[in-house]
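Letters A, B, C, D, E and F mark the chains in the order given here, with residues in each chain numbered from 1 onward.
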Amino acid sequence: MFMRIDKLQIELPPPKRMNPNEAAALQELLGGKYGEMSTLGNYMFQSFNFRSKTKLRPFYELVAAITAEELGHVELVSHGVAMVANGPDQEEPPDGGDISDTPHADMKNIRLAAAFLSNAGGATPVNSNGASWNNDFITTTGNVITDLLHNFHLECGARLHKLRVYETVAEPTAREVCGYLLVRGSVHAHAYALAIKNITGVELEKMLPTPNIPLGNIPECQKYLDEGSHRRLYTFSPDDYRSIAGIWGKGEQALPDDPPGELEVVEGAPEGGKIHQLTGVPSAFTPDYAPEEMFEIANKLYKKSR
Amino acid sequence: MFMRIDKLQIELPPPKRMNPNEAAALQELLGGKYGEMSTLGNYMFQSFNFRSKTKLRPFYELVAAITAEELGHVELVSHGVAMVANGPDQEEPPDGGDISDTPHADMKNIRLAAAFLSNAGGATPVNSNGASWNNDFITTTGNVITDLLHNFHLECGARLHKLRVYETVAEPTAREVCGYLLVRGSVHAHAYALAIKNITGVELEKMLPTPNIPLGNIPECQKYLDEGSHRRLYTFSPDDYRSIAGIWGKGEQALPDDPPGELEVVEGAPEGGKIHQLTGVPSAFTPDYAPEEMFEIANKLYKKSR
Amino acid sequence: MFMRIDKLQIELPPPKRMNPNEAAALQELLGGKYGEMSTLGNYMFQSFNFRSKTKLRPFYELVAAITAEELGHVELVSHGVAMVANGPDQEEPPDGGDISDTPHADMKNIRLAAAFLSNAGGATPVNSNGASWNNDFITTTGNVITDLLHNFHLECGARLHKLRVYETVAEPTAREVCGYLLVRGSVHAHAYALAIKNITGVELEKMLPTPNIPLGNIPECQKYLDEGSHRRLYTFSPDDYRSIAGIWGKGEQALPDDPPGELEVVEGAPEGGKIHQLTGVPSAFTPDYAPEEMFEIANKLYKKSR
Amino acid sequence: MFMRIDKLQIELPPPKRMNPNEAAALQELLGGKYGEMSTLGNYMFQSFNFRSKTKLRPFYELVAAITAEELGHVELVSHGVAMVANGPDQEEPPDGGDISDTPHADMKNIRLAAAFLSNAGGATPVNSNGASWNNDFITTTGNVITDLLHNFHLECGARLHKLRVYETVAEPTAREVCGYLLVRGSVHAHAYALAIKNITGVELEKMLPTPNIPLGNIPECQKYLDEGSHRRLYTFSPDDYRSIAGIWGKGEQALPDDPPGELEVVEGAPEGGKIHQLTGVPSAFTPDYAPEEMFEIANKLYKKSR
Amino acid sequence: MFMRIDKLQIELPPPKRMNPNEAAALQELLGGKYGEMSTLGNYMFQSFNFRSKTKLRPFYELVAAITAEELGHVELVSHGVAMVANGPDQEEPPDGGDISDTPHADMKNIRLAAAFLSNAGGATPVNSNGASWNNDFITTTGNVITDLLHNFHLECGARLHKLRVYETVAEPTAREVCGYLLVRGSVHAHAYALAIKNITGVELEKMLPTPNIPLGNIPECQKYLDEGSHRRLYTFSPDDYRSIAGIWGKGEQALPDDPPGELEVVEGAPEGGKIHQLTGVPSAFTPDYAPEEMFEIANKLYKKSR
Amino acid sequence: MFMRIDKLQIELPPPKRMNPNEAAALQELLGGKYGEMSTLGNYMFQSFNFRSKTKLRPFYELVAAITAEELGHVELVSHGVAMVANGPDQEEPPDGGDISDTPHADMKNIRLAAAFLSNAGGATPVNSNGASWNNDFITTTGNVITDLLHNFHLECGARLHKLRVYETVAEPTAREVCGYLLVRGSVHAHAYALAIKNITGVELEKMLPTPNIPLGNIPECQKYLDEGSHRRLYTFSPDDYRSIAGIWGKGEQALPDDPPGELEVVEGAPEGGKIHQLTGVPSAFTPDYAPEEMFEIANKLYKKSR
C-alpha cells in the first residue's frame, strides 16, 4: 500500500517567466527512457514481482523503498514542468475575458503544442519529443542480479540525462529539480552498486560518478551535499523497509568525490516543501472560464468537512 | 510525497494451480485502457497539474487521495497476476536442476509468452493482449469538470471490464482481486458523481451502477459490502486530504442497490493484508539458478541491519 | 461529405458457431497493414490532400469514389468479425443469469482476449495479433504517380492477405467476406493499373492477378463473377465522381483470367444486403445485464419518432 | 454502406498566408485523443458492433447517423490543415523551376517537418505533436450506457480542445473550422445527453456547456447559431436513421445559453460548400515536377467520360 | 560499409516438425528488448555516433566489430524462426492445389497468426508477443562509459532471455540457435566487461556468468566450448578493427566456469554454415501459386549471369 | 553473415555550421517510412525469408546484395545526421569547463530536443518528427511478385522523400548525402523494375524516374552520374551474389534521362571514403567530461594490439 503526503520532497522556487520549451526539455526527465517514470516503473514492478522476498529481504526492501522515493520524483518533475510551462503566477480576469482574439497564439510555436492544447501546460508521461513512456522501458526479470545491474545502469544513464537537461535550462525551478535529482540519483546508483557488491564482490561503486563529473561542480547540488543528502537513504515508510540498512550500511562511506561521511538510513520521509499553487488560467479554461462559482462551492464543501 | 507500507490492501488467497492465461486476462485490469494503471495515471497527473488547489481544495484532495488508493490497486492486481501466473508455492531443487530437457515447454503456448520469457510470470503494464499502457490513456486537461467527468466515465468503464474479467477467471486469487476492486471502483465512481453533482447539480450517481448489476450478485463482493467498504473513502494519508469529507459527506447515503448506511471518510489507510511470498523458480533463474549463497548473504545483511 | 445507408454491401450468411480465433484472423483484413482500414485511410487522406483536383479530375475522382467503397469494406469486415466472434444468435435469459460461475471462462484462451474483455467480441482497428492500425500505414505524398503506384501495390498486397485469411477460415460468414473482398479488391487493383497506364503507358494490369491465381478458383467469388461485379466500378455518390468512366472506361475489358466483358461504371451504390442483428449477451452486459426496460424505452422513443 | 458527395459540410475561407505551425495545431482536432478521428472511430465501430439494433433502434441510429457526420468533420479539418499549411493559391512555374537552391529551407523549422517532407503539407491522422491516432482512442464495449457515457465525455472533452485550438490560430480558415465544429460538437454532446437521460433519467444536459462558456462568445459560431444549426441533427442518409427524432425530439428545446427554439431532425445532409482547390506545387512534386502532360491526359479522359 | 557472405554463422539442423509457437518464442530473441535487433541496433548506432574514434580506437572498434557479428545473429535467429515455423521441407503440388478447403485452418490458432497471414511464417522484428522492436530499445548517448555499461547489462539480460527460450523449445533448430548465441553472447558480455575494466578498474567480469549457470550445463553449447568459441572474438572485417586485441587481449583468460585458455582475436569471420533452403508453399503463395514458370525464368537469368 | 569495412560508401564534406534542424530533416531519410531503415529492413528480412532460394537465385541474390548496400546507406545517413547536428569540429577545453551556466540553452528550441538530450546529436532510427521506425514499415510476404512490387514502390517513394529533404537542407554534408542516395536509389528502383519485367513482362522501368525529374537537374548527383554510378550494381560480397548480372544484365541500358551506357555488375564494394571523426564535446559528456585519461588508456591498449 501507499500513503500520500501533500508536500513535494523539496520546495521549488518559482520560474522567472513562462518557458514552454524548457518545460518540454524537463519532460525528458519525466517520460524519457532514463526519466523518473522509468525508474519508478522498473522498481515498482520489480518490487511487486520480487521472489523470495523474506529470504532476500534487504534486496527486496531496497527496491521497494526506492520505489516510494521515485513516486515523489515523478511528482517533483511534474510540478517543475507545469510551473515552467505556466510561468509565474498572474492575475487573470476571473471570467476569462475575450477569447476571440487569439490569446494563445504563441502556443502554436512551442515544441510540444499538445502540452498546451491538451494539457494546458500540465505534465504527462512523455519525453522531450512528446513520445510516450511505455512498457518497453521496464525490465523486471525476477533474476536478482539482472534486475539490480539494470537498475545500476539506469541510474547512471539517468544522471547523464539530468546533467544535459541541467545544461539546457535556465529557469530556477527547472535547475532546482535537476540539482536535487542529481543528488538523489547518485544515492540510488550508489545503493544499487553496494547491493551488487554484496552479492558478487564486484566494486561497482568505483565506476561512480558516471559521467565523470563531481556533484560539487553544480551549484544547485551544493545545498543538498552540505546537508548530507548524498549520504542518506530514506525508508519512505512508517514502519517498513528498515533492513536496507544492511546494504546502505553503517561503516560504508560517501563516494570520494562527495563530502565525506558515513552512509545512513533515515526512517520515514524527508520533511519536504510545499506544493506549488498553480494558478488558474480562465482563458485556457483552467479550472474553467468563469470559476468563481466553483470556488464558492468548494469553499462551502471545505467548511462542511471541518 | 508518497510513503509505502509493506502490505497489500487486502490479503489474497493462493491460486489452486498455475494459470498463465488467467493471469493474462487479469492484465486487462492492470494495463488496459480501463485498468488500474489508467486510473492511477489519470488521477496522479491530474492531481499534479491541478489549478487553484487551495480554492478548490475538496476537489483537488479527492483526486489526490484516490491517486494513493490506485497505487495500491496497481500493486494488488500485479500481485494477483504474478500469483496466478506462477501457481501455488512449490519446492524446487535449489540448484535449478537440469535445464536442458525443455522444462518450460508449456510456456510457448500461453497467450502472452513474453510474460514468462521476459518477466518470469511477473506483472507489467500491458493489457490482456500484451499491448503497452501509455500516455494515450491519460486525460489531464486542467479543466475541472472535464477531468471529473472523464474520471466518472473511466470508473464506470472500469467496472464493466472488471465484471468481464471476473466472469472469465476461476482462480480464487483472481476472483478476489476482481471482487475487491469492484467494490472500491464503485466507491470512486460514486465519489466522482458526487463531486460533479456539487458543482453542476446533475445527479450523476443515479446512473450507478453501470453496468446495471448490483454488487450483491457477486459473492466475492459480499464480504466487503458486509463490512461497509462501499461506504468508506480513505484519505490514504497520515494528515492530509481530510476535506474530501465535504464531498463524500455526512448525510450522503450508500447507493440504493447496496447495503444502506451513511458515507464516511476514514483517515489513513485500511489495515491491509500480507504481501504474498512469491517462491523462486531456480530453473527459471528467479531469483537465480542456485540462490543458496545469495540467501546467506541476504541473511547476514538482514542481521547487520537490526 | 458522406451519407450513410443502413445496409451492408452484401448480405452475410450467419456463422455456424462462435469462433473467436477465426474472428481474430479476419481482423488482419480490418486493421492489418494491408487491411481495409489501410485502403480506406490511404484513399481518404489522398483524396482530401489531392492537388489540382479539377485539372486532374478523373484521377481525383477515382481515389475519392473508391474511398467511399472502402468505408463499406471496413463495415463489412467489422460485421464479419463480430458475427464470427459471437456465433449464431441465441436466446439468453434477459436478466443475464448468474454471473458468478465463470460463464466466460473460455475467453481467457482465445488469441485476442481483449476483443472479448474490452469489446465483447466487437471489431476494432487492430490486426490479427492485436496490434493497432495507425498512421504508419498511410502514404499520401501529393505526388500523383507515387500515390497511385502505392495504391496499386497496396491492392495487390491486400489480395494476398485476403487469400491467406480465406484459406484459414471455415465459417461461411468469414469466407463470404473474403470472397467478396477478393473480387472488389481486384477491381481496385485493375482500376489503379489503368490510371497509371493512362499517365505512363506502362501496362501494369498485365501483372494481375497477383498472387497468380484466378478468382475462379475460389467458389465464394464465383457468384460475384457471374453477376459481373469484377467489371463494375461504382461512383458511390448520388451525383458526383462520374469522370471515373474516363479511366474505368468503355472499351476496356475484364482481365483475361476473369469472365469476359466490358468494364462499366455504375452510378450510385450497389443494392446491398441487410445489416446483421447482433444479439445481446446480457451475461456480457451487452446491451446490458437486464435490458428489458431499455428495450421498452427505445420502443417508446421509436414510436414517438414516427 | 456509405455514399460520398463532393462537397465540404461548409465552405472554408482561404488562409491569408502559409502557416504550417497553425496547421499543426489544427492537427490536434484531427488525430488527437479528442479529435475527429476519435469521434469517428468511436461511433463507427460502436455502430458496427451495436447489439439488438432493432430493439434499441433510436439509440443505434443516433450513433450511426452521427458517424456519418463525423466523416465529414474529418474531411473538413483535413481540408483546413492542408489549406493553412499550403497558404493561398499561387502560380508556380509549371516545370517546378530550379530545385537545387534549397527552395523549401523553411520547412526544416516547422514543428512537424514530416508533414511537409512526407505529405507536402497534407493532413494525416496524427495529433499536434505528430503522434499517431490509434486504437487506444476507441471505446466500443457493447454496453449501451457505457458507450453513450463515453461519447458524452468525448464530446465535452473535444469542445475544450476546439476552444484551445481556436484561441491559438488566427487564419480565417482555421478559425472557421473551429467555429463550425464547436457548434456541431455541442449538438452531439446534447444529443448523447438526451439519449442517456431517456434511459437513466439523469439530466446530463444540465452540465452543458462544458467548458462553461456560451458559443455566443465566439464570433465564428454566431452565423451557425443564427441559422439554427445548434438545433438541428441530420440523418446524413437518403432514407435511414429517422428514429433519432425519438431522442432529438420535438418538444425538446435548445440549451439555455444558445438561441432558443425547438430541436429538429433534418433528413439528409446539409447543403454544404465547395471543396477547396489545393494548388499544385511543382517544386514539391505535387502533383509532379512538370505536370502539364498529366493535365492534358486527364482532360482527355474527362472528355471521354462525358 | 558492410559486405555480405551467403552463409549463416553456423549451420542449423532442420526442425523435426512445423512448430509456429516455438518459432514465436524464438522471436523474443529477435525483436524483444533483449533480442538481437537490440544488440545490433545499439552497437550499430553507437558505432556511427562514436566520438573521438581515433583517440579511443580500441573501444570504438570493439563496438564496431561486434555490430557486424550481431548482423549475423539477427540473420541466424531469423532463419531459425522461419525454419521452425515452416517445418521440415515438404513436396507440395507445384500448382498449389485446391485452396478452397481451408488448407491453413490451423494457422488461426497459432499465437502470432499474423506471422503466417502476413509473413508466411517468415521472421520479422517483433517479440514473442508480436510487439514491434523500436527505437525505445536503443541507448546511444555518446558517453563512453554509459554506453559500455549499457551494453554489458544488455548482454547479461540477453543471456537470461536466451536461457529461458532455450528451456521452452524442443526443436533442434531452435535449440542450436540458443546454444550458439549463448556462447557468443557470453563473449560479448566478457568483452564489454574488459573494456570497462580497462577504463575504470572495476572487475565487472567477476559478475559473469549472469544468470549464474555455466555454459557447460547446456549440451548445445558444448561443441562451441570445445572448439574454443568462448575465447575468440572476430574482427568481422577484411582489414579493420584489429585494435580490439588491445581489449580482448593476449594474457587475458577465459572465464573460470568455461574451458580454460587465452582469449584471442581472429581476423575476419568464422567459416560459417550453409543458408537453409526454405521450401516454397504454393498454397500459401510462396513464392507463388504456380511457380514453375518463375523457376524457368530464374534459371535462364542465372545462366545468362555466368 | 556480414563483414564490415571502416569506411563510408562516399566521403562526406564537413558542415559549415551546427544545424540540428537540418539534421532532424535528414532523419526522415533514416527512420521515416521511406527511409533507409525501411529499405534495409524490408530487403534484409525478405532475403532471410526468401523461398526456393536456389531455384530463384537471381531474384534472391538481388534482394540479398542490395540489403548489404542499404546497410551502408543507413550508416551514411547516420553520419550525415551526426555531422550536421554537431557542426564543424571545434576545440573544447578537455575538462568540459563550467557546466553551470546553461551552455546548451539553444538545445531546448531545436525541433527534436531528445536528439541532443539523449543522443548528443547522434543519429537514431526515428523520422523527422521523432517517431520511431518499426515493424509496420516492413513487408515480407514470401510471395516474390508482391515483395518485388513493394520494393519498386518503396524506392520510388524514397526518391520523392530524398528530393524533398534535398530541397530543405543547405549544409554541404546533408546535400551530398541526398545527392548520392538519389543516384543509388534510382539504381535500386531500376533493378527491381527489371526483375519484375523479367517475370511478368511489364515494362515498369518506363515509369522511371518518379517523381518526374531527371537526376541531371541536381548538381550533387552530377559527379556520380559522370562516373557512371547509375549504371553499376555492386554485389557487396567477396564471392557471392554474382547472379544478379542475370537481371542487371549486359545488354540492358541506362534510363533515357541519365547518361547513356550499359548496365554493369561490379563484384565487391565501391572504394568508399573515410569515416568522419566526430569530435568529443566534453561539456555534453561525450566521450566524457574530462576524457584525457581515457585517451591515454586507449592509446596504451592500441599499442598493445599492434
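Here, a contact is a pair of C-beta atoms (placed from the backbone, for glycine too) under 8 Å apart; a residue touches a chain by one contact, two chains touch by 3 or more.
Worth saying up front: this structure is predicted, and the values here are computed from it rather than measured.
Counting only chains that touch, the fewest steps needed to get from subunit C to subunit E is 1. At the interface between subunit B and subunit C, two copies of one sequence, fewer than half of the residue numbers in use are shared by both copies. Distance from the centre of subunit B peaks at F, each centre being the average of the chain's Cα atoms. Subunit B and subunit D, compared by their mean Cα positions, are separated by 38 Å. The mean-CA centres of subunit A and subunit C are about 48 angstrom from one another, to the nearest whole unit.
Separating the CA-averaged centres of subunit C and subunit D is a span of 23 Å. Chain contacts: subunit F has residues 33, 111, 118, 120, 130-132, 134, 136, 141, 143, 145-146, 160, 211-212, 284-285, 288 touching two or more partner chains.
Chain contacts in this assembly follow no simple pattern; the graph is neither a line, a ring, a star nor complete.
Every pair of chains meeting the touch criterion is listed here: A-B, A-D, A-E, A-F, B-C, B-D, B-E, C-D, C-E, C-F, D-F, E-F. Note for the complex: subunit B touches subunit A at residues 1-9, 31, 41, 44-45, 48-59, 61, 64-65, 67-68, 71-72, 74-75, 78-79, 82, 118-126, 132-136, 138, 140-145, 198-199, 236-247, 249, 268-270, 272, 275, 277-281, 284-288, 291, 294-295, 297-306. On subunit C, the positions that touch subunit F within their shared complex are 33, 134, 136-137, 139, 141, 143, 145-146, 149-150, 152-153, 156-157, 160, 196, 200-204, 206-207, 210-212. For subunit C in complex with subunit E, the residues that touch the partner chain are 21-22, 24-25, 28, 32-34, 111, 127-131, 160-161, 163-170, 211-213, 217-220. Of all the residues in subunit C, the ones that touch subunit B in their complex are 96, 98-100, 102-105, 107-109, 111-118, 120, 130-132, 283-285, 288-290.
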